[in-house]
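Heads up, the thing below is written out as structure tokens.
For reference, chains read A, B, C and D in written order, and residue numbers begin at 1 within each chain.
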Amino acid sequence: MPADGDPGSEAATRALLVELLGEFWRRGWVSGTGGGICGPADGGGLLLAPTGVHKERVRPDEFFTVDPADGRVLRSPERADLRPSECSSIFCLTHRARGAWSVVHSHALAAVLAGDVAVAEGADHLAIRELEMLKGIPGVSNVDTHLVPVIRNTPREPELVGQLAAVLADPRFAASRAIIVRDHGAYIWGDDVLEAKRHTEVYHFLFEATVARRGRHMEERA
Amino acid sequence: MPADGDPGSEAATRALLVELLGEFWRRGWVSGTGGGICGPADGGGLLLAPTGVHKERVRPDEFFTVDPADGRVLRSPERADLRPSECSSIFCLTHRARGAWSVVHSHALAAVLAGDVAVAEGADHLAIRELEMLKGIPGVSNVDTHLVPVIRNTPREPELVGQLAAVLADPRFAASRAIIVRDHGAYIWGDDVLEAKRHTEVYHFLFEATVARRGRHMEERA
Amino acid sequence: MPADGDPGSEAATRALLVELLGEFWRRGWVSGTGGGICGPADGGGLLLAPTGVHKERVRPDEFFTVDPADGRVLRSPERADLRPSECSSIFCLTHRARGAWSVVHSHALAAVLAGDVAVAEGADHLAIRELEMLKGIPGVSNVDTHLVPVIRNTPREPELVGQLAAVLADPRFAASRAIIVRDHGAYIWGDDVLEAKRHTEVYHFLFEATVARRGRHMEERA
Amino acid sequence: MPADGDPGSEAATRALLVELLGEFWRRGWVSGTGGGICGPADGGGLLLAPTGVHKERVRPDEFFTVDPADGRVLRSPERADLRPSECSSIFCLTHRARGAWSVVHSHALAAVLAGDVAVAEGADHLAIRELEMLKGIPGVSNVDTHLVPVIRNTPREPELVGQLAAVLADPRFAASRAIIVRDHGAYIWGDDVLEAKRHTEVYHFLFEATVARRGRHMEERA
């Protein structure tokens, strides 16, 4: 299943992004044309899937290349009916704030329910603790309490940018590689595509475990 | 995995329907020979799977073509032992009322449990709110409360037609692309097959999220 | 994925049994070398998987052929280290009592939890009602209350035979194509392999739906 | 899907380990580069996956060979950037204490929640009973109460060795082929790779069933 070819080439990155979109779709992390992923293009751009399409059906030649400095489209796919994902401004912001070359946008139910746990606890973040899987995040150990910011959803994704910039600058969340958007999902990133994949698997596990352990009390309070 | 060939041809539609039946079966949305899907045939007909067969085993040459004006069979598969799906009258009605060229009939447990939530709340519909995934339905935003009609089950599927016609004409449900049938499942549609697929993924997510959030209170009331 | 070749031949049956064992394993209905399936051999025998092997790894030439009249082995696979499944006596009994040419032995968690529901309700059966999926069982409609017998588990599978014979003869359970064994799983059958597959999907859905609807009250009573 | 070739050769073992890592990853038992498996190398060593890599992407030529007597690396893969898994000391200890030639390290949520059940019950073990699946463990019957030790998690996996040695020597746990690590997962072993696979499926079922049956009461107590 792994993508073949030179792992450092843009062609290999495009193949890997396609493979991961299929995998995330099979797990219910992207669905209904929602969710997505970006990765590094040759020359310093970000490869970005088109909007409004079934993400598991995106082909390697259908990515846009955007300039992470300003979101400007550097290169478009040949298919004239495609437009770049609404995630563009958020992916570019995360790249500039954290140096992330790959960002995943998840629409998983576990991320939505994890946001509900934070809301029920009256917090602007999800506090995750007592889980070995925390060690999958750089600099975090299994004896730490790891804080993931939770922001409010907005009618359009670019309108999330202000809140995102605030939590990316908040020192309480310096270790987090994820931001939960209430009622919506999560953004999860890494230095490269395989690190973003690892963090995506790690945070989905952490969300599921936290919901399984604390979701009950949330509902009893509701 | 995507079906090859000219995406507008009937052969491509048949291949896509077969692919989606397999996918829906793997997800538990069609099973036990129940559930189904229709799509556009050349010349204005609807392609309809046979009844009583394992839907993930239907072959591209085993669809019936029916006239959506009256449900009359225009073309039958060569296999003489096949009969058209019982969904025919409902699929044709949905086409006439909403212009849908593709309708999915789901037997998912999440649709049954979503119907239970509506019943427990004493409503003739499921009110869905505070979910980004609502944006997957045309004209609906994530700040809307979206109403999906819930009708009673009947001994035979064609007997659902009266209730279906009533809710399709009800202005409260004008935005809905889905109808839940209590104890049974849901009908979900779109302008074409890929839109019906998108709506199918979207509504199953909405059903699962609503059951996860509100199902508990339902049971406590029960 | 469907097995190729003449659907009536024993070679096609062997291929189909192998395919279904793989599918049931992916769904968690057979696992840990437990569970199984039988189907018709040429000449009136039953094809039976070997015991103690990973069922999704059984090859088409590794089935035993047994005489359903008395369970005698008519034909053994070439691999000398294989022994016939412990299900043999139960599969043969079900064949004789109900004419079933295919019986599935499921180890699904949903079957175990469905048995718990019956126990919590103080009944020797699971009463299933208000589900369209009931129509997947011959002669049963969605307005019927369908009774599935629930028997006690025993240290060895052949010791179940007495209880099985009793419930197969009990007129309350004449419509059932399934028997639940507490703490263990279920036997589910059909006239042929594809009907047994349909009933297997149908009953697993019915078990899951019943546990989702009634399992909570069971636990509150516990 | 089964690995081809001579089942006794090291090449077949490497192929089987790769196949099982993919399977365990699809089931969520290894994820986020965590979890793993070892198996027998020619000449008495243990084949060990590298650390910090996506386990479903490990290739047959990327295993280390370690001496189970002392954990010394006997043979390294050609890729110079790989290091042996942190599980090495635990896998070697389990081999020496129990003769296991294959050990699985699971990061499954069900194992974490099973540990929570034991903690909620104030026990240093999980008591599993009334499940046919217990017969998948050598010497255990479905009328036994089977005790699986539960140990505390530590910041680094090698630091688990002391607790592991204690429970491996504890006569209460002589029949167990698994050790649960709280907040972390489980180690599960067998005489060979296929027996370890069987025990892995069996214990995950036992964990899921026990959490489904007793997890509710745990949370009510919390």
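Everything that follows uses one rule, which is that contacts are C-beta pairs under 8 Å (C-beta built on N, C-alpha and C of every residue); 3 or more make two chains touch, one makes a residue touch a chain.
Remember, it's a predicted structure, so these values are computed and weren't measured experimentally.
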item	value
Chains in simultaneous contact with chain C and chain D	none
Proportion of interface numbers common to chain A and chain D (over half same, under half different)	different
Rotation in the CA alignment of chain B with chain C, degrees, nearest 5	90
Intercentroid distance (Cα basis), chain D paired with chain A, Å	30
Centroid spacing, where centroids are CA-atom means, of chain A and chain C in whole angstrom	43
For chain A, residues that touch 2 or more chains besides their own	none
Category of the chain touch graph - line, ring, star, complete, other	ring
Chain D partner contacts - residues on chain C that touch it in the complex	22, 28, 31-34, 54, 56-57, 107, 109, 112-113, 116, 153, 155, 181, 183-185, 219, 222
Chain A residues touching chain D - in the complex, by the definition given at the top	1-2, 130-133, 135-136, 141-143, 194, 197-199, 201-202, 205, 208-209, 212-213, 216-217
